[in-house]
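Read through the structures below before going on.
Presented sequentially are two complexes of subunit A, the first with subunit B as partner and the second with subunit C.
Coming up: the complex of A and B.
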């Protein structure tokens, strides 16, 4: 009887914190990326991996975004915003576009564009290049 | 064109000839001065240009460069401050960047009057656009907590504006650097050119002025030489009275040349008068000589006859006196006769016995010696021959004996020697007499020269001797040794086969 609340909590947590994956068009030249590579791409430290120009996008889903920043980029949201503000004001890079899921679907039709999504939203036209 | 050049050159030469000596020598200096003046203007224009360029660099280019550099720094400061404001979420900090923005705007305002005004306007516009966008973005980021939808577009705009302004700053700095480099290079090349041109101009001026001075010097010296030569000719009586000195210039030398030409003209007239007088005198002497010849021969013969025919011893001294006088007169007569006839009669040389000739002439002067209380002691080698005209040989011997009798101390011997030199094949004829030493042994052979003015004579004897010696290359010399005046004549030896032929 005592296990029921625990099971419910686990199920809720799993639902709330669904697995984040980084995806791209299935025809993209990239097949997988390390966490470090993804970090570098989202911090605009590089824009190419193995000579392939990669365009990262952000999600408009604030929670997903925050989870991605916290878990994959290893920064809190303030740090990430501050980091980008510095890049913007020093003219180095603009903040990546934020996309709704609908926009994500459209954008991922393009090769070599990447974005993080919930694994449950995976589409057959995409491929996972990183999974935590 | 060619004729014009020739005419111009002629005019130039005419002008040069019309100048005084001072002005002629001033030509190179004045030309050099004019040249220097032009060159001064050239250097002045170049240095003025360099000065203006340096002023431009100091006054405008470098301040613009500094302003741009400072503005770049301020821009970075603004971006840093905006970033800090976003991080700190402090709207006030965004407003504080106005100070930096105002400084940039003010500094750009000051540069609007410079040659870079178009670019400054562009920078100002780009900066204002950036600053507005960046400030707004900062405020939006702070207010909306980084979550608003169009952040990507805004940040893209700010990045582009920032990069644009940065690129404008950078390109402006590059342009200014390029301008400074070009201007410094231009100053360097101008100064190098001025330096090279100065050296070249100096060498050219030195060469041309030296050439000019040399030409003027040669012109002057040749004309002075001509004047000196003509003056010397006049002084030596060799002037060509039919020739005049050329005078093309009107300077001081030209005036001297004109004076000399006038002088020569007057001399020519006097010379013509003198020539007439000389010819008259010559004719008179010739006539006189001719008139004297017959009576003198008659006197000589009759005196000889009297000496032989009269037996009264008491007349002997008178007859000797007459005889001596006639002989001396005869000597003078022969001198005169030779002088008046030497330029009209050709005295051809013959091989004659100098020994016999000398014996005969000593005999001729025997009575004269006796009457002058002098005695000739001769030492004559036999069979010595000379290739000389008999009259001219007689003039050499007679004049030397007559002079010895005239100037030698009384009751002292006069030595006459004729011998062949032991050291060479030369023949030496020597006249020695005890007398006062001849003061000027070189001048003694000159025409009309007398050692003692008190002793009257024609002053022609030794000059006749000298001319004859010159004619036959006979060396003549007057010397003094053992209280004796010695006149030595050195004849070249004649080969025996020549003597035999005659």
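Coming up: the complex of A and C.
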């Protein structure tokens, strides 16, 4: 019986700290990306890494999005919003679309598109290119 | 330019047919400014007519704008940005801020052609987008040095990564005609800059970023009083004096440096700028340094900014030129204490207290004397709400 609270605690911890991974189509030319490369792609500093044109997308899942910005991009969500406003209103970069999970599945049919997901949602048609 | 405007109208008329290719976004700032010193009018810029002198002015920082982007395909797009604000002449009028075709080669190269912002400063491109910036208005001691910030021409941007660092090279070529009201003379100067060339280099990572920019062109100005003044000098056989100060096809240069650090919760930013124009429009040098700290949604900050004249503005030729040179003195320094509060991901609230010390005979960069000169300081209180949708 003592095990039940422990199992509950473990489940809760797993839910709270579900792992974020960055994925792409399994046929993409990219096999892995460094954290710094992911930062530069999502900060629109570059759109090509190792001669491969990469299209990043954002998730509509607010909590997932915030955790990605905090933990992978290393910025506050407000800081990232201000940064994007700067890029968008100066014509430097169009905002990557915020996608629902259904749209993510469709978008990842295209080669060299990347997005962050919860590891539990991993699909056999995708490959992990970054895992913290 | 008319072609670009017609193209913009055409694209908006096709909104329904091509909805997915067209995106329209809005931005704005609404706020108020109070200057406690009735000896000066506090203005947005050195050439602005409207301002605050012992009463709240709600036009100085207020601006409403929209940006329409039409994507022809993944590479080619057309972007137009329009704003409504009280302009330097004191009129509330809509204007096209930028309007250009953008071609992205998908090889880290971007080309633009049309009406484009000049890359003098870090926030040149987004100076009207309050939400994207920390301060209510960028320090005029640096951002106010050049009298124009847009041109007709072409631009390329190349970005890439070396090891763990990114870099961006930006080059511009074009020309511009622009009118400037000179409030102290109550006249308008018609200006033209030709053979405009600019280059900007940015280098850094996600914590530290450095930039340098250089601009070069040939500038001319035309105004009946000024033309008469220089004609008078030549008729009095003061040709050397006239040639030295007349602004006709004169070399105009701007050199800028910047350093920006975002380390954990700490913010540091500093820019230096130097204007050199071989004419009565004398050279200036200015800088600012900002320190800030992020407490979640609240960012308090402090800025010190200073601009000085690179040449003496008191000359003694016993001609009307002495007065023209004298009013060029815009030297001043400003201390700013303020905060930015993020209300949500589309809106913020900012408050600033500034203390400005003008050095010139008619005030400073954004302080115009209302009467006889008195060297007194001004306390400026400003608040704004910025939004983007």
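By our rule, the second predicted complex is superposed on the first by the 121 of 132 C-alpha atoms of A that agree within 3 Å, B and C clash if a C-alpha of one lies under 4 Å from a C-alpha of the other, contacts with A are read in each partner's own complex, and residues count from 1 in each chain.
The rule we apply is simple: contacts are C-beta pairs under 8 Å (C-beta built on N, C-alpha and C of every residue); 3 or more make two chains touch, one makes a residue touch a chain.
In this text the structure is predicted, and so the values were computed from the model without any measurement.
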Exercise. Using the superposition on subunit A, decide if subunit B and subunit C clash or fit.
Key: clash
Quiz prompt | Which of subunit B and subunit C A:74 touches, first, second, both or neither | solution = second
Exercise. For A:123, decide between first (touching subunit B), second (touching subunit C), both and neither.
Key: neither
Practice problem: Please indicate which partner A:46 is in contact with in the superposed arrangement: first for subunit B, second for subunit C, both, or neither. | Solution: second
Exercise. Between subunit B and subunit C, point out the one touching more subunit A residues.
Key: C
Practice problem: Based on the superposed arrangement, let me know which partner A:90 touches: subunit B (first), subunit C (second), both, or neither? | Solution: both
Quiz item: For A:106, is the partner it touches subunit B (first), subunit C (second), both, or none of the two (neither)?
Solution: neither
Exercise. For A:82, decide between first (touching subunit B), second (touching subunit C), both and neither.
Key: both
Practice problem: Based on the superposed arrangement, let me know which partner A:98 touches: subunit B (first), subunit C (second), both, or neither? | Solution: first
Practice problem: Scan A:31 for contacts with subunit B and subunit C and give back first, second, both or neither. | Solution: neither
Exercise. Give the one stretch of subunit B, out of 7-15, 79-87 or 457-465, that collides with subunit C after superposing.
Key: 79-87
Practice problem: List the residues of subunit A that touch subunit B in one complex and subunit C in the other. | Solution: 77, 81-82, 85-86, 88-92, 94
Quiz prompt | Residues on subunit A engaged by subunit B in the complex (per definition of touch) | solution = 60, 62, 77, 81-82, 84-86, 88-98
Practice problem: Please give the residue numbers of subunit B that touch subunit A in the complex, ascending. | Solution: 76, 79-80, 82-83, 86-87, 134, 137-138, 141, 146-147, 149, 151-152, 155-156, 158-159, 162-163, 166
Practice problem: Note which residues of subunit A are touching subunit C in the complex, please. | Solution: 36-37, 39-40, 43, 45-49, 53, 73-74, 76-79, 81-83, 85-86, 88-92, 94
Quiz item: Which residues of subunit C touch subunit A in the complex?
Solution: 23, 25, 27, 67, 69, 71, 77, 79, 81, 98, 100, 102, 104, 106-108, 110, 112, 117, 123, 125-126, 128-129, 131-133, 157, 159-161, 164, 166, 168, 205-206, 262, 294, 296-297, 342, 345-346, 348, 388
